[in-house]
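These are the structures in question, set out in turn.
Here come two complexes built around chain A, the first alongside chain B, the second alongside chain C.
Up next, the complex of A and B:
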């Protein structure tokens, strides 16, 4: 046995021993707080296993290793089955079965609904989708795929046209002078508060110019020269602010997840913080 | 039959979904609700197809003893255990039916959630190293990026003292005004792109989803 293999085995044995020790200690702790013995052993196993998986994923910070790969592959299998079960119980049993069969509804203990023969169509389309597995009948799956693609395309066309285009364009055409009563009141009531006339007016100008210059930046059919070039330069400034803000948001989100995982390790697993 | 019928189906159903939006009638709403339900039901079969594909790929890897085949056993074990508990109708291990199964819930809570959350939290470290390289105020654009990110990250920082409320107000303005403007420009572009793609699909110009032959 070569040296590196021996070291790997020693590390593996150490992890197993630590896991068992942690499991025993956690079970004892749970027993002391009044949990039933069998439950405490089971709960302790799950908490220890979750901690092991958390540390296995963190170990990737050092380098790719077998423990990280183990956690990664386990995640793929478990989450695939999880979503299959969610789909089965919520959609198939919750939505489909009650509308097609009273017997099956009673079997699955879901209240039956009025029989609807049209619900056999998605069943047929679904079965046709599974024909993809057959080497000869694979082309039949195109029919169900065509149904999904067509419906989604029609739905998206309207949805994106409404929310991402019409609504956004309409919201960009805003008054460029907010509550305007003349130059005198503007200076006499001047304030830098967020709800003040100056800040509101400035905000509307920034939005109006920002949207147009941003759009110009993304318009590549004309060379970015002259006025177009200047506008596109303003566009990239505004875009950079957005990218910075998104970056800041992402960092905050990830750090809060990290805090959550550390809290789990130090509170739920090790019990070091109350 | 193999290509023309799917193309016709895409056109009919796509057109139907567009038309139903412009007809404010109960039949139109019925069509919409119906088609949405159908899509979800077909989606369950698509999930089953995905599961079969994962099983076949993993099993082939194990059978042919390809590199790292041992991890495929882990995938298959996780998959079948979770399926066993998730579909457990006969209450071997459960306190209730199906997705209320004790083991199913705890597998989700103690395997899926920790791994997912930790994987995402790993990005905090990678993003920190990326920030170190990217956040050097060498140009106006880099400075804008840096300032915007710092304002957002520091807005709730209690150590800023009297500056904290100002920072908070400025960050709200930054998010609601310049950030909104650029996001709107991006969203308008995305919207136009989506509409163009949907039209190409409905009219049969885009046919990649049909595959070859």
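Up next, the complex of A and C:
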């Protein structure tokens, strides 16, 4: 047996011993807080296993390893199985069965509804989609896919055009002087509150300049020189600030997930925090 | 304990950052694992010593709070759980806060999900919040979980005209025609407010596109931080408010604690996360400064 294999086996044995130890300690802790014996053993197993999986995922930060791979594959498999089961029970049993068969509705214990023959169309399309698994009938799945792509494109085209284009353009037409009653009232009522006239006006100017210069940056039919060049430079700054804000938000999101996992480890597994 | 934690965290981080600065300025490489370790420490210590930061609701968060607050009691609020366990630490505090606030105000709450995982997370929220904290609320009368249906934005396209074409029963298999809460509900247009919590596809964007805009229904939401910048353009005309990442959740929780004595001792995962968040962000900013400094120093050395 070579050295690296021996080390791997030692690590594996160490993990097994730590897992069992953690399971026993956690079961005892749960028993002490009044959980039933069988439940405490079961819950302790799940908590220990979840802690193992969390640490297995974290181990990738050091380097790729079989424990990370195991946790990753388990996550993908469980996710796929979960979505399939929920899809079956909520859509197939929940929507299709009540509309096509009273006997099956009684069997699945869902209230039967008025018979609707049109519900067989998605069933047929669904079966055709599964034909992708068959080497000979694979071409049939293209009809279902074409239906999905066509319907989604049709739905999205209209909604994106109205909501993401027309309404967004209209939202950009904003007053550059909010609630303007003259220079006197502006200074006499001056406030730095977020809903104050100054901040609102400033915000609208930022949107106006940001949109204007951003559009100029992406307008390539005219050389970026003179005023056009300066506006384009401002556009680059606007884009950079936007990317910076996105990066900041991404950091916040990732740290939140890390806090979530560490809270689980410290609270549910190790009991270090209440 | 919290003070000791704060001093310890700052001490460890400052000493570590100094070591990193010296190391990088002298041209020696800093391994990425050290960066990971730093982030881990800056998150773990505040968590262990319960270091928190106070928050004040910004207008974009206050907009949602005021909307829920100002709706007359008994209004119909739909909360869509459009997320999975992988996003839960970040957005679950939002859905919890929305659920608590809506029920405390006496609104009727409709729970659903465009994500399959949203169905069980909605059910978990009912078990965790509604049953222990609002024992007088009755399933099917004050709240209902209608669960998940496959179809993404297609689901919204159907329920904007008729719920029953897509949902025959709630998650417990109870016929929607037999529950009191659904008596005068035909479509999404009968809702007084929609609150979507998510951060992926389908999520708040799809709710704006396929429900709020065509149906002219007030919509607000809570989004995972990664997706938040893409949603700001919808505020304030197409979204009445937005909780951006855990900071948004913390602001909403602080507003609830401030105005509701009954929520003074409620769990505040959002606020609790702001301590680690603040320290981790400070460390990341320090890394950016150190990285830039070492870059310019290296350039100078080459000259």
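Assume the second predicted complex is superposed on the first by the 266 of 274 C-alpha atoms of A that agree within 3 Å, B and C clash if a C-alpha of one lies under 4 Å from a C-alpha of the other, contacts with A are read in each partner's own complex, and residues count from 1 in each chain.
Operating definition for what follows: a contact is a pair of C-beta atoms (placed from the backbone, for glycine too) under 8 Å apart; a residue touches a chain by one contact, two chains touch by 3 or more.
Since this is a predicted model, take the numbers as computed values, not measurements.
A.B. asks: Using the touch criterion from the header, give the chain among chain B and chain C with more contacted residues in chain A.
C.D. replies: After superposition, B is the partner touching more of chain A.
A.B. asks: Have a look at where A:46 lands relative to chain B and chain C in the superposition and call it first, second, both or neither.
C.D. replies: Touch status of A:46: first partner only.
A.B. asks: Should A:111 be classified as contacting the first partner (chain B), the second (chain C), both, or neither?
C.D. replies: Touch partner of A:111: chain C, not chain B.
A.B. asks: If we overlay the two complexes on their shared chain A, which of chain B and chain C does A:98 touch? Say first, second, both or neither.
C.D. replies: Touch status of A:98: second partner only.
A.B. asks: Just checking: does A:87 make contact with chain B only, chain C only, both, or neither of them? Give me first, second, both or neither.
C.D. replies: In the superposed model, A:87 contacts both chain B and chain C.
A.B. asks: Using the superposition on chain A described above, determine whether A:237 touches chain B (first), chain C (second), both, or neither.
C.D. replies: first
A.B. asks: Considering only touches as defined above, state whether A:273 meets chain B (first), chain C (second), both or neither.
C.D. replies: second
A.B. asks: Need the overlap of the two footprints on chain A, from chain B and from chain C, as residue ranges.
C.D. replies: 61, 79, 82-83, 86-87, 90-91, 95, 109, 151-152, 155-156, 160, 163-164, 168, 171, 194, 242, 245, 248-252, 255, 257-258, 260-261
A.B. asks: Using the touch definition from the top, list the residues of chain A that touch chain C in their complex.
C.D. replies: 61-62, 79, 82-83, 86-87, 90-91, 94-95, 98, 109-111, 113, 151-152, 155-156, 159-160, 162-164, 167-168, 171, 194-195, 242, 245-246, 248-253, 255-263, 266, 272-273
A.B. asks: Over in the complex, which chain C residues touch chain A? Could you list them?
C.D. replies: 33, 36, 39-40, 43-44, 47-48, 50, 58-59, 84, 86-90, 116-117, 119-120, 147-151, 153-154, 157, 166-169, 173, 175, 199, 208-210, 213-214, 224-226, 228-229, 233, 237-238, 244-247, 269, 272-273, 276-277, 280-281, 284
A.B. asks: Over in the complex, which chain A residues touch chain B? Could you list them?
C.D. replies: Result: residues 46-47, 49-51, 53-54, 57-58, 60-61, 69-93, 95-96, 108-109, 118-119, 121-123, 125-127, 129-130, 132-133, 139, 142-158, 160-161, 163-165, 168-169, 171-172, 194, 199, 203, 206-215, 217-218, 235-245, 247-252, 254-255, 257-258, 260-261, 264 of chain A touch chain B.
A.B. asks: Applying the document's contact rule, which stretches of chain B touch chain A when the two form their complex?
C.D. replies: Interface residues on the chain B side: 2-3, 5-7, 9-18, 21, 34-35, 37-52, 54, 58, 68, 71-72, 74-83, 86-87, 89, 97-99, 104, 106-125, 127-128, 131, 140-141, 144-153, 169, 172-192, 194-195, 197-199, 201-202, 209-211, 213.
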